[in-house]
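Paired with subunit B in one complex and with subunit C in the other, subunit A is shared by the two complexes that follow.
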Partner chain A sequence: MGRIPLSYLTNRVFTLFLTVFVAATLIWIIPRLSPIDPIDVMLGRMAAGGGTIENSEAILQQLRESFGLDQPLIVQYFLYIVNSFTLDFGLSTASFPTPVSSMIGYALPWTLGLMFISLIITFVIGNLLGALMVWEHTPRLWKVAIPAAMVFTSIPPILSGLLLMYVFSTQLRWLPLSGPYGLNVEPGWTFAFINSVLYHGFLPAMSIVVVTFGFWALGMRGLMITVQGEDYTTLAKAKGLKPRYILYRYMIRNAILPQITAFALKIGLLVAGQVLVERIFAYPGMGKLLYDAILTQDYPVIQGVSFVIILMTAIAVFLVDLIYPLIDPRIRHGG
Partner chain B sequence: MTVLDLRNVSIDFPTSKGVVHAVTDVSLSVGKGRRVGFIGESGSGKTTTALSAMRMLASPGFVAGGEILLNSLEKPNLLDLSDDDMRQVRLSRISYIPQGAMNSLNPVMRIAHQIWDGIVAHEGALPQGDLQSRSDAALAGVGLDPEVVGDLYPHELSGGMKQRVCIAIGVCLNPDLIIADEPTSALDVITQRHVMQTLRDVQSEIGAGLILIGHDMGLMAQSVDEIAVLKKGQLVEFGPVRQIIERPEHPYTKELISSVPLVGGKSFLEPAGEETATGFRSENGEPLLELRQVSKHYGAVTALHPMNFTLDGEVPKIISIVGQSGSGKSTLGSLMLGFNAPSTGEVRFKGRDINRQSGAEALSFRKEVQAVFQDPYACFNPFYRVNHALKYPFERFGLSEGPDHTQTAMVEACRAVGLAPETVLGRYPHQLSGGQRQRLIVARALMLSPKLLIADEPVSMVDASLRATILKNIHDLKDRHGISILYITHDLATAFHVSDYVMVLYKGHIVEAGPPKDVIGDPEHAYTQLLIASIPWPDLDRDWGSSKDARQGLEALDRLDGHETIMRGNIPGFELVQG
Partner chain C sequence: MTDENATKPETAEADVKGLTRAQIRRMKRFDNPWQNPKLIWGLSMLLGIIALGVVGRMLWDTDMVFTGSGIPRQGPVGVENLRGQVGTWAHPLGTDVTGKDILALLIVGAPNSLYVGMLASLIGMSIGIFLGFSAGFIRGRLDDVIRVGSDVMITIPPLLILVVFQAAYGDISLTVMAILIACFVWQSPTRLIRAQVLSMRESGYVQMARLSGASTWHIMFREMLPNLVPYLFGSFIANVTTSIVTAVGLEVLGLGPQRVPTLGRVIYDAINSGALIQNLWWWWGIPTLLLAVMFIGLLLVNLGLDEVSNPRLRRL
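Up next, the complex of A and B:
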């Protein structure tokens, strides 16, 4: 442990930037391999809306200029990279002329809030249940119930969402059906608003938790079985330690380490959201944004969302690299 | 006065194929301050018997009959205690020192904390200062510096230090009884002596009874007062150590004693037969194996200093490389196998640098140089039947003339290492014992008719009673099949018997080399002398030294600078050149 060597830090920061740069380049190249011209798509959409268009050539030219498509490819690429790193992803083609960054700026907090909370709940519940599946002092009823609960893992989130909606909204009327907050509250940092957000977020979060906790539980179960067979667990018992103390300080403490790496990778992915969950609950998050952008071939938005996903993953991995020696003393920051 | 009484204890393991009687009707007592050794091969029930006193039998085992009495308790029968009362007994009354010193400590907790949590579990939360002074005293008691060691994590300690931490934990609450389960099996002889004597010292200081579990009769003879011999879950002989060692009654006890190879003792090898096979015939005058200025560095650490030797292979020889862990002997082995490239110098096989070979040459090198490794459990792919391990290289090297020929070759190879083919072929690795697996590894190597075999600690993980047999198999390879062998080991007694030439390695230098009867029989270098003095002999009149000797021996080693090799004579066909 101790202080992080500067050489290690610069090395990791360099890797972080390199990863994001390479990924950003790929994001830029792939849509350009597609034969579809986004301007044609826009024009088609306009045509469908407003009949004939005068000066269509001039408009097309104007549009190409505003998207920078009249520049040589290399200039386009260079501008794209510079803009991306300043989080400027240009204008949306589908909701022209809204800047992509403001669309992401609106959607990101919803997704982060929903997904981060459900990820943490899932991580805690999943790992705890996985650990209890192995622990020798788990009540017998739990040992039967936990594997049975794994059935939920095999249900697609969209179905579990519908099921939960049916039970809790339609039948019991305990929770609202959809939307991020109630129509009767003003967005802002008020108690009523936050309360409404939590109230509305409960069901989508639940539908994610019930289908994903099995991933953590099964992973944890395997790790716990290994730890249970370790000599230090045997010695802990021989030391007359209390069973619960052994469970937390000896077994889970060691078994959780690989799960933390997996957690970091999930943080990046969760920005993409559970597309279908956001969809059925009409939740205005990144998943829904991406879904709509794909449907309307809105390339700037697709690129922007992909970039944010990669940035989040790279940052999460970077942070885990930095904190890992704090949680596992065997790992040291190499020079 | 007795501390622990086992009365007619039987332990059963119900399995799907019926009940396995792991221990049957064992009765014995451990007196206050007395040391009792449980000896037997793996599966004899010695650990199971001892663990039953901790009530820590592996599931689904249970005590099917008898009584286990811990006489310091008001109600002495341990089997009647509630789970929480039993938990209180552990460590405070009966403590356990586990076998795998390497992994016995929680890797994410500092050493001092691992002593504290044991104390807190029995005495409740104590002020920090009290805990600190208790752990300091415990660590100092086993010869570790509490200031330094207490704040370290387990991975920062050596194996011997970890085992001494386990002893410190075991004695910190002054228990009535200590159960030590092969506490030194993973350690080399020098460290073993040090750890064993530390254990003996702290045990006599607190006056606890000690149960020492092991399979090494020599270690037992030097460490305990009474010996209990177990075989297949039954107590076949129990008595004072002198009686057991000098006048064993049960044939199994006699076998255990005689299976310990002794330096200078009677050889366990049969006299060489008439059929001495011819060795390697050099085509171009180049020797079989030659090392030229070979050294190896890992970063700033030098694992091996420049080394030069030539093995011509014409008359097959067994060359032993002995040393304790970290001496560089396994590094040398992997360099000769071409798994690692040397930092300087060349490893030459039949006159070619093995790290600069063409594809075809590399293939023939792989066929002609075979290896036997330490761990017979990890050498097989658990998903394949053992035939696969034998058959695959044989076919891949193009030695097979068809399925029938492969089958015959496998059967012959099994017979050559003393295995009945019908009992091993077609089975999965987990269905075989460690000894059977290790012999199959030798058989596998034999099928390829190699010219050179590199055996890295081939018998250190198998039971003492089987070691002699496997070494006999390896020795036969030399006489019957003309294979030269490099035998890498920490066990001087076996090296004494099987080898033609011995090189003693210490910190990457060869400190002494020559024929075994000189090097091991009459060592000159201080390191070799310490190695020999550290061997526990199954002979009560031979002094194993005190813990002070052991510590001083270790300290003296640090002051040594062994750059000069003491040459003790040559043998034809092998030449070591001063580096």
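Up next, the complex of A and C:
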């Protein structure tokens, strides 16, 4: 186990904060430059719902105050930055007095659950298949089939999601079309509920897995080629160890470490892909929340969701950067 | 083997080296790295999509992208829809729920997606070349700023910032969307080029050029840039993929250009109108497949270029 030098740590923490700060600033500035006034949109919706509105000037003033829009811009900006870092994003305009943070609080576990499950499945399958591409004892059929399956790597998960949905939900009717769990189960820690969640989550997770495993497999293939030529592999063979034992204990164990850094590069795209998958499967995570907010022009929700996803991505990258030297002592920090 | 074959000069030559004719053909093919099967397949897929856009415009009436061009919900040729209507040659790939012709949508939409990807990647690439060279060659404070900047920006998923942008501004044109995406695809070329420049700047030919009094500009763009071309191509293609994925993502969320047909927009309309449940598979399925072909083509070009620039990846 290596120790992390302080200069490296401060460097990474600084980058983390700067990333979140830049993202928050971009999210704040962009709508301010737009000619569309969110309060007008909200008032328009009220007018469409209730016909005429009395005292519209007073309501307008009141709303501006409740969203803090009557303050000078610089004050608004500082309030916004402070509030964002404390995860307070104000109130939703579409479902008015609901705080955005509670909407996000409901959606976040679904997104994180789907993400972790699909990431773990992809990581295992991808690395195993990548290792099998190089291993000399792999059956010939697999050596042909794996590279053929890699063609799907470049497709965004929304397209694979649509195709899988069509085949398994509407044609074969094996799996449910949408939603997080069945209509006939009560949410709670019961077996029926968990079963239903897994049953409904299978297809969204699979649509992410089929298009992302190739990325890991390609990386693993390159690393395995290097490991295959190492002296310790040759020695293990010379000792007469079983090929399967050599594969798992000697080759994969040494090749897999650099793969973890690839997380940092890939995570942004994975998150964006998952947002879209949630939208087509009507999965109640951040993606669906974002999509609904776009439909209703609910700016606080759009900003809040974007901020939280970027925050999650930045923290994930930060953790990967931090954990990696701990598990791979060969890495030395230059500071 | 007949006697005729044995007397041919090629086989005589082959016998001398102890190789079969197939092996010789293979050797010759791999002698020229650009005749890489992956590269050729990928390029022909992309050219096919461009050809669909160019030839399609000449042969097909692209005005049929508008609502009410045909009978709604009609299947492709020979396919019966839920109302028992069989598709005709008037709309070979069927129509959507408002009677737009799917073939016309593809002819107009597919090149649009490719255009956004290429333009965004080209702009991002230019920024990346400029910043990467500046950081790697000039070093100092500028290097720190560029390095931290690209570290920060590479973490931010472009889709989310663009969602905020488009939700606030509404309709935008294809070119504006491409420029916006370009703001988020310059980081990886910048990092790549910076790393390469750092390793190259101490090499013999660069020092030679410096000693002969060549200007910084000359060393950067005339001496070093040509050596980076294979990396640049690979990075460019990878960025085209990222840009198209981002553009399609925006379109599928209902953002992006509203008045120009794009493949993502067609899929958005299809999902919103419940095309999956109504079994209108041609409506979302054909654009999805076309996008898949585009992405597979880009991937194959990228893998092919990798093999061209890195001979160790080639298999004989």
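Structure notes:
FYI, the second predicted complex is superposed on the first by the 251 of 335 C-alpha atoms of A that agree within 3 Å, B and C clash if a C-alpha of one lies under 4 Å from a C-alpha of the other, contacts with A are read in each partner's own complex, and residues count from 1 in each chain.
What we mean here is this: contacts are C-beta pairs under 8 Å (C-beta built on N, C-alpha and C of every residue); 3 or more make two chains touch, one makes a residue touch a chain.
Just so it is clear, the structure is predicted and the values come from calculations on it, not from any experiment.
Partner contacting the larger number of subunit A residues, of subunit B and subunit C: C.
Of the two partner chains placed around the shared chain by superposition, subunit B is the only one that A:230 touches, whereas subunit C remains out of contact. In the superposed model, A:254 makes contact with subunit B only, not with subunit C.
Of the two partner chains placed by the overlay, neither subunit B nor subunit C lies in contact with A:59.
After overlaying the two complexes on the shared chain, residue contacts for A:128 are found with neither subunit B nor subunit C. By the touch criterion stated above, A:112 is placed in contact with neither subunit B nor subunit C. When the shared chain is aligned, subunit B comes close enough to touch A:239, but subunit C does not. Of the two partner chains placed by the overlay, neither subunit B nor subunit C lies in contact with A:175.
Once the two complexes are overlaid on chain A, none of the subunit A residues touched by subunit B in the first is touched by subunit C in the second. Per the touch definition, subunit A reaches subunit C in the complex via residues 15, 18-19, 22-23, 26-27, 30-31, 33-34, 36, 151-156, 158-159, 162-163, 165-166, 169-170, 177, 265, 268-269, 271-273, 275-276, 279-280, 290-291, 293-295, 297, 299, 302-303, 305-306, 309-310, 313-314, 317.
Across the complex, subunit A meets subunit B through its residues 136, 230-232, 234-243, 245, 249-250, 253-254, 327-330. Interface residues of subunit C facing subunit A in the complex, by the touch rule stated above, are 148, 151-161, 163-165, 167-170, 241-242, 245-246, 248-249, 252-255, 267, 271, 276-277, 279, 281, 284-285, 288, 291-292, 295-296, 298-300.
Listing the residues of subunit B that touch subunit A in their complex gives 54, 56, 59, 87-92, 95-96, 98-100, 102-109, 117-118, 121-122, 153, 155, 166, 169.
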